[in-house]
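We call the chains A, B and C, going by the order they appear; numbering starts again at 1 in every chain.
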């Protein structure tokens, strides 16, 4: 089972992100379960959503306290929320930022993750450029596809087209694809010297 | 067609296929997504000639439902928690009048202290109202139960409440095979009321009944519940034959074949418990699960049969009766076979506190060691409780205890 | 042989009696076609104003709808005295659910009829003042604001008579009830409280609001029929004296209803879409004392030295009604 935890703030599409991920996994014939952190819905308040992906029926209903991947939609949460609590030592971290990751002051648990398991993505900028709204969720999902390989970009695109009207869907697909490309390029550049 | 859907959406789509004629809505978390979706379908004209009524309270929601059902319309509403309590007089009334309203209950805790998260306190509060109460384990079952609910309600002239865990199911996105319209139409005939407000054949409904007949009238309502014990499994079987899905019925036994220890529970926590039982089975322990799918009427015989081989029975339930203990556990005790298994109650998941597989395995371990008390509260922080008791002993004006506990927990970190 | 004076005004109109009217203007009760919606044999008290009002109102509604009517009843005297188990006095389709929910139940019936394509069937909700201005107020306001297709009739006897005469928000100031006893410096119900439900109804801008009394049953019937010409939420507030609760003679029910109107204490008017369109002007104005004296619930105002100060305050309320609605008699 692959478990994802997404941290963000109300209004950033945190819950939608988990749902889209689940639909994309379902598109691949896998079992998926997405659910929010069940809080009162308030714009700007910290929000958590979860997504489980597995090849078998998912019966458990407990929250994800040992994720395989953490997506951080809003880095300002770093000092308020235990973003990386329970994160698998072989897990993934994806952060919405346009800054180099080492300038963010992420905690030590991120530093010990395997090479190529941590990425930053300027998702808000990509969303503004492609969708016209500062909602970083979809670009981050594109980046997630590149980082983890857990869900292919094509499945995410189909999930987006299933959810949104054609025009909005294509803008989101473009944003996700751009993020996918950025992370893929970065990973390749990172690997190149040792390859 | 199998789709990845939010639970609320799955329920709304299924209710729509049941061709409701009147739907009442008053919003309360976590029921909102269901009525929003149905409201949109009515606005689109997809459910025509269905009437969708935005009422001013849950009390009105059930009251409008009563009027609509008495006038012969297939009627649906949904609520949760405080909303159910606010309509409780009408909840009893709908059952007393024998009106087959179907209602989704998105199970949520009851305040004070106010809490929007899941437990089963709301459903337990109307346990004696005369409604059939069905509990869903998954969103697939929640959706399917609504089709069966209309069938049961209208066959018996008894209202049916489909209980699904608030947020845990209502807001979870998972695969659901939405039932085809043609299948619903073949399974659910048009509603033929036993009594109806009709100017061409006027009757008085809701007359006063004195001591000379009240007991007989109430006993007849009890008999309809007993009839439901027969009908619920047969409707579930018919549904399974049509859809291939084992939704509904009275109980859901899991790995009971040689089980010495059986956990009894209701609702979505059964999935987590099954995972825990599988793990303990792999370790060689003879453990099983009994899911209670129909809480009212309570399937005494089915529970008794299912527990006949058990030496230890552990009821894990998301509600309790203050000053007494388990609610489901009391019924399970009544239904326990003469062999007299040891019965323990674990109150868990109150106000949305997670119940994990590790928790369930811990319960099984304590049970096996003989250290599980007759009544316990899962992951209760006894230090926090003791400190508040001490504050209360130290000062008459110790203040609001919920707020004191919140401050204490905030100062000491997480509650677990 | 002694001479008997004929009081033409006793029937509340300029007619001596029904038989002098043209067929079209006669009360539905004069017709063999009447429904007897609320039939004989019920258990209401002698002189019950509510039984009289309900019978006239519902038979008029049945005539107006050509028998396509469903009635929804709140808990209260009317419900209890009309359905003593195992009998019922209702010859129409009738549903009683609860005390506080009759407007919502009526909404549900109307919605079901619409969904079933039976738009010809009309719905009447009915309750006493407790079920209307107090416990049913939220449901009634909801029904009003949604403009649901229901005529709601309040039979106002100014208190909880079914439970033993307790105060409601329709009980007038100074009236003695079991929960507003005639004791102390401010005996009976206090001033400055209570709800004027017809005006609250008007504030919802619903198509039709009217008041009536059982002293003028032609007027009551006409207003029911007028109400039935509208679709949407309509409200009819009928003053129905209660011999038991008011401490009045059973024979005085109609007389007290007339004195309530003729003193201005109970204004009789109608309004469409929130605007007053007609008033029943007072023909022979009387002081409130004439209305109050025959009622034991006001006896403390007149015992011993009496409380002329309180009577004056009640008179001021009546005068304000006369002013607000223009009820003063026409100059003769």
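Everything that follows uses one rule, which is that a contact is a pair of C-beta atoms (placed from the backbone, for glycine too) under 8 Å apart; a residue touches a chain by one contact, two chains touch by 3 or more.
Only a predicted model underlies this, so the values are computations on that prediction, with no experimental measurement involved.
Enquirer: Per-chain C-alpha centres versus the global one: which chain is nearest?
Expert: Chain closest to the assembly's C-alpha mean: B.
Enquirer: Which of the chain pairs holds the record for C-beta pairs in contact?
Expert: B-C
Enquirer: Can you name the chain that lies farthest from subunit C, using the mean of each chain's Cα atoms as its centre?
Expert: The most remote chain is A.
Enquirer: From the C-alpha centre of subunit A to that of subunit B, how far is it in Å?
Expert: That gives a centre separation of 34 Å.
Enquirer: Just give me the whole-number Å value for how far the CA centre of subunit B lies from that of subunit C.
Expert: 45
Enquirer: What is the distance in Å between the mean C-alpha positions of subunit A and subunit C?
Expert: Here subunit A and subunit C have centroids separated by 66 Å.
Enquirer: Out of subunit B, which residues touch more than one other chain, so two or more?
Expert: Expected reply: no residues.
Enquirer: Would you give the residues of subunit C that are in contact with at least 2 other chains, written as numbers and ranges?
Expert: Counting only residues that touch two or more other chains, subunit C contributes none.
Enquirer: Which residues of subunit A are in contact with two or more other chains?
Expert: In subunit A, no residue touches at least two other chains, as defined above.
Enquirer: Report the residues of subunit B in contact with subunit A in the complex, numbered from low to high.
Expert: 3-4, 6, 29-30, 116-118, 165, 167-168, 171-175, 268-269, 271-272, 274-275, 352, 354-357
Enquirer: What residues on subunit B touch subunit C, complex-wise?
Expert: Within the complex, subunit B touches subunit C at residues 21-22, 24, 49-51, 53-57, 59-60, 63-73, 75, 89-90, 93, 97, 197-199, 201-210, 212-213.
Enquirer: Which of the residues in subunit C come into contact with subunit B in the complex?
Expert: 67-70, 72-73, 79-80, 83-86, 88, 90-98, 100-101, 104-117, 121, 138-139, 141-142, 145-146, 148
Enquirer: Quick one: which bits of subunit A touch subunit B in the complex? Just the residue numbers, please.
Expert: Touch list, subunit A to subunit B: 15, 18-19, 22-23, 26-27, 31-36, 38, 40, 58-63, 65.
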